[in-house]
Structures are given as structure tokens and as C-alpha cells.
Amino acid sequence: MNFWLGIRHLDRRIIFLLMALGVAVPLLLKIGLPVRVTRDVSSVYDYIENLKEADVVLISYDHDTGTLPEMVPMSTAILRHLFLKNLKLVGMALRAEGNAIGRQAFKRVGDEFGKADGTDYVFLGYRPELTATILGLGTSIERVFPKDDRGVPVAEIPLMQNIHNYGDIALVISVSDDDTPVYWINYGNARYQVKVAPAVTAVMATTFFPFLNSSQIVGMIAGLKGAAEYERLIKRQGMASRGMDAQSIAHLVVIGFILAGNLAYFATRKRGM
Amino acid sequence: MLIGIIITGLLVALFIMRGRRGKSLYLRPIAGLLAVDEAIGRATEMGKPILYSSGRGGMQRPATIASMNILGSVVEKVATYGTPLIFPNNDPVVTAVAQEVAREGYTKAGHPDAYKPENIYFVTDSQFGYAAAVDGIMMRERPATNLFFGTFEAESLILAETGNSIGAIQIAGTDSSIQMAFFMVACDYVLIGEELFAASGYLSRDPQVIGSQKGSDISKIIIMVIIILGVILGILNQAWFVNLFVTV
Amino acid sequence: MRRSFPIIVCFVFGMAMLIQFFVPSKLSRVAYDEITNWAQIIYAFALIVGVFGLLKYHSEKVVRKSGGWFFNLVTIASLIIMAVLGFAYGRGDSSPFMWIFNYMQAPMQASVFSLLAFFVASAAFRGFTARNAEAVLLLLSAVFIMFGIASVGNAIPPFSDIANWILMKPSMTARRGIFIGIGLGTIATSLRVILGVERTYLGKG
Amino acid sequence: MSSSPGIWLAAFLTLAIYSFLYKDNPIYRFAESLLIGISVGFLLVVTFDTTILPKALEPVGASLVGTLAAGARSIPGLIWVLIPVALGLLMFARFVKGLAWLSRIALALYIGFGAGASIPANMQSFILKQIEASIGPFLSVANVWEAINDVIIIVGLVSTLFYFYFSKAHSGNFGRMAKLGTYYLMIFFGATFGYTVMARISLLIGRLSFLLRDWLGLMT
């Protein structure tokens, strides 16, 4: 059979196989393709870099399990930076599924740096009702979260003694797979002037371009790519860098197939096949 | 906002009324809808079933209602030809409605006995459980035609690519702008955006429905005028006009 | 009665929902919550009907021993086991119900979801051929975005800039056009339903 | 390599689903049947816990007790909570010949509810917001490049709307505008496809990481 005709009627399973390899190989081998650090990401990094020791950062886990592959590398890279800088961390969730994810992430990365629950970080738990919760934290954190996620009264947690509302918080990071950060911006930032930085899925990124333009947010980290950039900035290459290699190569595989498909189309059309 | 709804509402109502008085209105052809007849014919010739899906939308979504209208016309045709129609559902309320629509369609076509409620059934509400099930049905029942009309989410391409691999003719229409792109690449015909909602008028030829389409077309002209006016006023730095459209 | 009563119900509740939006009062909020609850209850009962239908469908195949009846049995058995475990032991973090969800349902759903990565490739291979002007635009726009945003092209400024421009300008504007069309189509359909012009869903009769 | 039976089970089921890519086979069909059964069972329990019990059974039970205790005075309350339950029960009328039409009442309520709610929601997010976003940028045109972009946007929007104009034949100048609209639409579809590929590949990365790292322990 003619070569190009063969390409045109290529068995789908060969495409599937190459796709699987395109993702699996970069995951297994460290390739380290170039990553250009964008301004959106570096401004979040710089803002955190300029915080003083013992400043407080609030991280809210506003996503579900479906988008974990994108969210975990992002939150891990951010947490590492924060612990590395010896900042104090307050965690919470505006989604039920995000609660367990955030709690585990705090513990996992906290243990890496030998940080203790209650003195270096605290995980407050989950509250539904975005607007009410975000506004409530502006007046009193303790009123919204009387106890932390382990059931310890907030009044008895050493870390929380000096943290009462947004006035004591240097930055809010919303790790989200939908437009929850918009609520943080509209209620937390607009009403209480707390600084906000969204860490969102790649698909959601376009939603926040207007807020970046108007400087309503400190910066933005979006998707695996954003996470890979952040890993580059903190000089700890992890899951995101590998994932981003896999992303890049898988995309090249898809583009390669499009090219092959077109070449085959024109080669066979000319000969009237 | 209230004004916008009143204007659109009045326009639609006005043209529905004009339609009631029997004024006939022109509607341009939509390729995807013309292809539905052809696709039904093909399945009949090949002696294979037709697979219908309304995707993941609940019955409260207008796109699902539009899908039920299309289903009604499709059922009348398959009932006449005796072609089997399989419709696995993702939502139990849709199942109930679709069964009503199908029963009525078969009765109207004069074959009430040919109606098989077991061909329209609830599978699961799990998005990917549903996708897995419909893929399985396609591989085993080998439909000649797949019709996807309604609100689709990520499962769209899982269904359309599997349908393509079994060589089915596929026609799709959805109100999800993202999934339109996937259907565009994987299906033979696609109803783009509003074409899905306009389909009802084409298929039923009900003058009142066609009238309401005219009403929404006039609204489009109004919107175009507003935009062009907005551009001019914007260049003249008149912010008040833009602010008219700011909603909280 | 059979025809007109459902249409009246539809009209009344449709108008009620429309009016409550514009008359913000405590009453309208209570009414909204109440109707939402009703709709949920109707869904729940429809689900029970649907599950009956599903069990009937599968058990008939098992009883008739039709081809692949074993798989119908798997569905029936797993449904019943899941329901019994859920009702008997609850839905706590360490319940058997959640164990099955975490180690069986969730991974299977995620795997079906990820089939898309493969299907995206095969669809692109077949669907993106430059047959005519429209197809060329479809193709170029997809390739620029893939290369310039998600792949190595992102590190090369002209590609990432072009990709971002496509995304934010021509593509965004077409999306707005689609949105306006869908918005009008939705509103017209909803009005037809409320006014009783469209009643296929009740069986046209 | 993992020693957790849960991980092994999840890995087996993941591979069972992937086997569909090769071809339809009994192992895939087993996983598919299992997924349908489990997911419906899951939905049933969750719906019972979150809807049927707290929104139907408990209120009815509570007001029944209330009626028995307080007598006729609380009968209106009882009727009120019985209405939705009765509507729900109408769904079962479908099984009774001659009464099947009763279920249409419940369906009509459900559909009317959705249709009424969708009108203001669509007006706001699909129409007014889009108009605002389209003409807003013209208030602050900084340079020629921005002006060119703004023109591209407005031409695109108007021509796309022409495409969606149904009650006039697409011929002559009108047809040319509509044709221009389809070009914009194609750019949108291509861009959306290309952009979404990213998210889809992330999912595969997630699954393969599970297999390679959590199950086989190959990623270090």
C-alpha cells in the first residue's frame, strides 16, 4: 500500500500508543525542557519573597478532587516556598473535598520542613457559603472558625493568638478550579483590602486576566505551567516540571499528528486517491 | 436588566402572536438539521439502530427542552420507518420526559405498539460512568447514526470519537461553547450555538415557534445597534452608556 | 384537563420564578428556596423510578440469559451492595462505602475522563485537515494555541504572543457572539415553554 | 511497588478502562458494568441522605407528630409539607395505565421552574455582560494597535451575530458578513480545542503518575 495512504488510514491505536509514550516517558526520565518564568508568577514569588519572617499567609483550598493533577503541584510548590521563608500559615477550604486535600498537603509539606501544627501552621477546616465566609473573616476569624479542623478551639491555638482578621494576614492564596478567587477579590480585597493571589487551573486562567490588568491581584499561578515556573523560582524541581515536560511533549505529538494528517491529505489528494 | 427582558419578551410574544395569525416567515436552511433526515434514512437502509443522547443537562435546562423537541420529530420518523432508537439517559427526570415524548411520537406516527420504553432508560448520573456505558452500547449495538443534542460536558469527545471509530454518521448540537469545538472536529454535522434552539421551529414548522425565532432575530439587531452605538459613545468618552449594562 | 392542567402549572411556576428575581423580598426568597426544594424532591422520586427501570432492564436480561447477562448481573449486584453498605454503615471517611468510592468509583471515573487525552489526539489527526478556508483557520488557530501556550513555543515570545492574541481577541469575540445567540435562544425557548407554545415535553397531542 | 490492596484494585480498574482503547473486551465491559452499578448505588444513598430523608420524610414525620399533638390547627402545615412529596409520588403514576398523565404535572412544575429561572440568569451573563465587555474597552483606547484590535473585535461580534440571524437568506452582502462570522467561529473552535488539550493531558498525567508512582513506584 502507498505510504501516504497508509498514514491517512492509520490505525487509531498507534496514535493512542504514541500519546501514552509521549506522556509516560517524560514522567519517568527527567528531561528539563526550558520554562520561561512569566511576570504573573514571578510577582507572586516576589511578593512572598519580600514578606518578613512570621508574617501570615492564608491558603484556601477551593477545588475538588477532579483537578488534583493540576492543583497538587501548585500548592506543593507554594507551600514549600512559604515554609522555606519561615512564614506562618493558616489553611481553610471553601469546598468540602478541598478540606481533606488541604489538610493533607499542610501536613505533608510541613513535615518536610519539620513544622508543627498549631505553632507554625493551622488548618481551620471547611465552610460552605463563599460570600458569607469571606466577609466573615474580615471581622473575626474566630467567629467563622471557632475550632480548627482537629476540633481544637481557636482560642487555645498558640499561632492564632495574634491572628484575628484580614488585618493580620499578608496574603490570601486561593487554590481553585473555578471562579472562587473572584469572590476573594470582590469581597476580601475590595471590602477589606487584603492582598489576593489566585492559583488556578490553566483553563480558568483567562478569567483573571482583567484582574491582573487592573492590579486587583498580586499575580497569578495557572496550571501545571505556573507550578513549573514556581518550582524554577524556588529552585526545587518536582512534579510540575516533569508534568510540564510531559505536557509539552504530548502537545508536540498532537501537533505532529496534525502535520502528518495534512501531509497525507495533500499527497493523496494530488494523486486523486 | 428588567428592561432587557421586557423588550425581548415582548418581541418574542409579539411574533408568536403574529405566527398564530398564520403569517408565514422565512427561515434559512441549517445544514445539520437537513442532515438529520438523511442520517435516519441511512440507518433504516442499513437496518441498524439510531443512538440518541441529550448529554448531561437536566430537564430544567432549555437546551434539554430543545433536545426533546428534536427527539419528538426524530421519533415520528423512526416510528414510520420502523428503525430502532436507543436513548440512554444521564438524568432520571429526562428519562421520564423522553419516554412521554417517544410514546406520543409513536402514537402520532400510527405505530403505538412499536414504542419500546426499555430503549429509553436511565443509566447513571455519573458523568464518566455514563460515557463508559454509551461507549459500550456503541461498540455492541453498532448504531449507523448518532444524534447528540443537548448540554454536553467533557464526555462529548469520548462519545464522538468512539462513534466515529464505528463509522456512524454523527450530528451534534450543544449550548456548551467548549464542547461545540470538540463536536466540530469529530462529528459530520454540528448545530452551532443558537441553531440548536432554532431547530424546534424547523422541525415542527409550527408558525408560533418560527415566530418566536423572528422575535429573537430582531433582538439581535437591537443588540448590534447598541454595540455600534456603544462604540461611538465610547470613543466620545461617554461612560454612562456602558454603565447601563453593568449588572452586579 | 389532562392537557391544560400541566400547562397551567408550568406557566404559574415559570412566572413565579421570573417574578421572584425582580421582587427581592423575604417572601420571594422563601418561595425560591421552597420551589427549589420541591424540584429536588421531584428529582429524588424520579431517580427512584429510574433505578427501578434500570433494575428491571438488567434483571430481564439476566432472567432471559441474553448475551452478556453476566455483566447485567454485575451491575445489579454492585448497585445493591453499594446501597446496602451506604445505608448500613453510613458515609464516614473510613466507611466501606467511601472505600469503594475512593478505590473503585473515583479511579474508574478519572480513567474514563483521561481517555480524552487519547481521543483529542485521534480527533485532531483526522479532523484538522486543511480542506477549505474554514478548516485552515480552525487548524492554524488550534496549532498556534497548542504550540504557543502549552508547549515549548511558550518560551519563544512571538509564538506565545500570537497565541495569546488569538485567544483574547478574535476567539473571545466569536465566543461572545455564541453567548449572545445562546442567551437569546435560551430565553426564547423558556418563554415558549412558559407560554405553553412549546409542549413537546408533555407529548404534543 | 505498592502493598495496599486498594491501590492494586484501583490500578487494575484503571487498566481495565484503558483496555477499551485497544478494543471492546470483557474486562472493559466488566469495569463498565461495575462503574454503572456502583455510581447508581452511590447516587441513591447520597440522594436519600441529602434529599429524601431531610426534605421529604423528616418534615412529614415531624408535622404528623405535630398534628397528632396539636390537633387541627397544624393541619395546613402538614398539607404544605405533603405537597412536594405528593408531587414526587406522582412520578410513580407512570406505572399505572390511565393515570400516567398525572406525572406530567410534576414534570411541568420542574420544567416551568427551570425555564423561569433561566431567563434572568441568561439575560445577565449571556447578553448584558457580553455587551458590556464588548463596548467597555472603547472608553480607553490608548494607541493605534489597541484601536485596530477593538475594530477586529467589533467586526467579529457583529458578523457572528449575522451568522445567527435565521429569518433571512444568507446571500449577497448579508451572506458575506455571515461568512465572515463563520471564520471567526472557526478561530474560536480551533483555539478552544487547542486550549482544552492542555487540561485533558493533565488528566492523563494524573492517571499515569498514579500507575507509575503510587502503584509501581517507578518515579523517583
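Every chain is named by a letter (A, B, C and D) in the order it is written, and numbering of its residues begins at 1.
Please note the rule applied: contacts are C-beta pairs under 8 Å (C-beta built on N, C-alpha and C of every residue); 3 or more make two chains touch, one makes a residue touch a chain.
None of these values were measured; they are calculated from a predicted model.
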Result of counting contacting C-beta pairs for A-D and A-C, higher pair
A-C
Most remote chain, CA-based centroid, reference being chain A
B
Quick one: report the Å distance separating chain A from chain D, using the average Cα coordinate of each chain.
24
Compute the distance, rounded to whole Å, between the mean C-alpha positions of chain C and chain D.
3
Per the C-alpha means, the centres of chain A and chain B lie apart by a whole-Å value of 36
Which positions in chain B touch two or more other chains at once?
5, 8-9, 58-60, 62, 65, 93, 96-97, 100, 123, 125-126, 128-129, 132, 140, 177, 180, 182, 184-185, 192-194, 198, 213, 220, 223
Quick check on chain D: which residues sit in contact with 2+ other chains?
17, 20-21, 29, 31-32, 35-36, 39-40, 42-43, 91, 94, 104, 107, 110-111, 113-115, 117-120, 123, 127, 131, 134, 154, 157, 161, 163-164, 185, 188-190, 192-193, 195-198, 201, 203-204, 206
Considering chain C alone, which of its residues make contact with at least two other chains?
18, 22, 39, 42-43, 46-47, 49, 51, 54, 68, 105, 108-110, 112-113, 115-118, 120, 122, 124, 126, 128, 138-139, 142-143, 146, 150, 167, 175, 177-182, 184, 186-187, 189-191, 193, 201-203
All chain pairs that touch each other
A-C, A-D, B-C, B-D, C-D
Give the list of chain C residues in touch with chain D in this complex.
2, 5-7, 9-18, 21-22, 35-49, 51, 54, 68, 71-72, 74-83, 86-87, 91, 97, 99-105, 107-118, 120, 124, 133-135, 137-146, 149-150, 166-167, 169-184, 186-187, 189-191, 193-194, 201-203
Chain B partner contacts - residues on chain C that touch it in the complex:
18, 22, 39, 42-43, 46-47, 49-51, 53-54, 56-57, 60, 68, 105, 108-110, 112-113, 115-116, 119-120, 122-124, 126-128, 138, 175, 177-182, 184-193, 195, 197-198, 200-205
Touch list for chain D against partner chain C, complex
6-7, 9-11, 13-14, 16-18, 20-21, 29-49, 51-52, 55-56, 83-85, 87-89, 91-92, 94, 101, 104-120, 122-123, 125-127, 130-131, 133-134, 149, 152-154, 156-157, 159-161, 163-164, 181-198, 200-201, 203-204, 206-207, 210
How about chain D: which of its residues touch chain A in the complex?
21-22, 195-199, 201-206, 208-209, 212, 218-219
Could you list, by residue number, the parts of chain A that touch chain D in their complex?
13, 16, 19-20, 23-24, 27-28, 68-70, 201-203, 223-224, 239, 242-243, 246-247, 250-251, 254
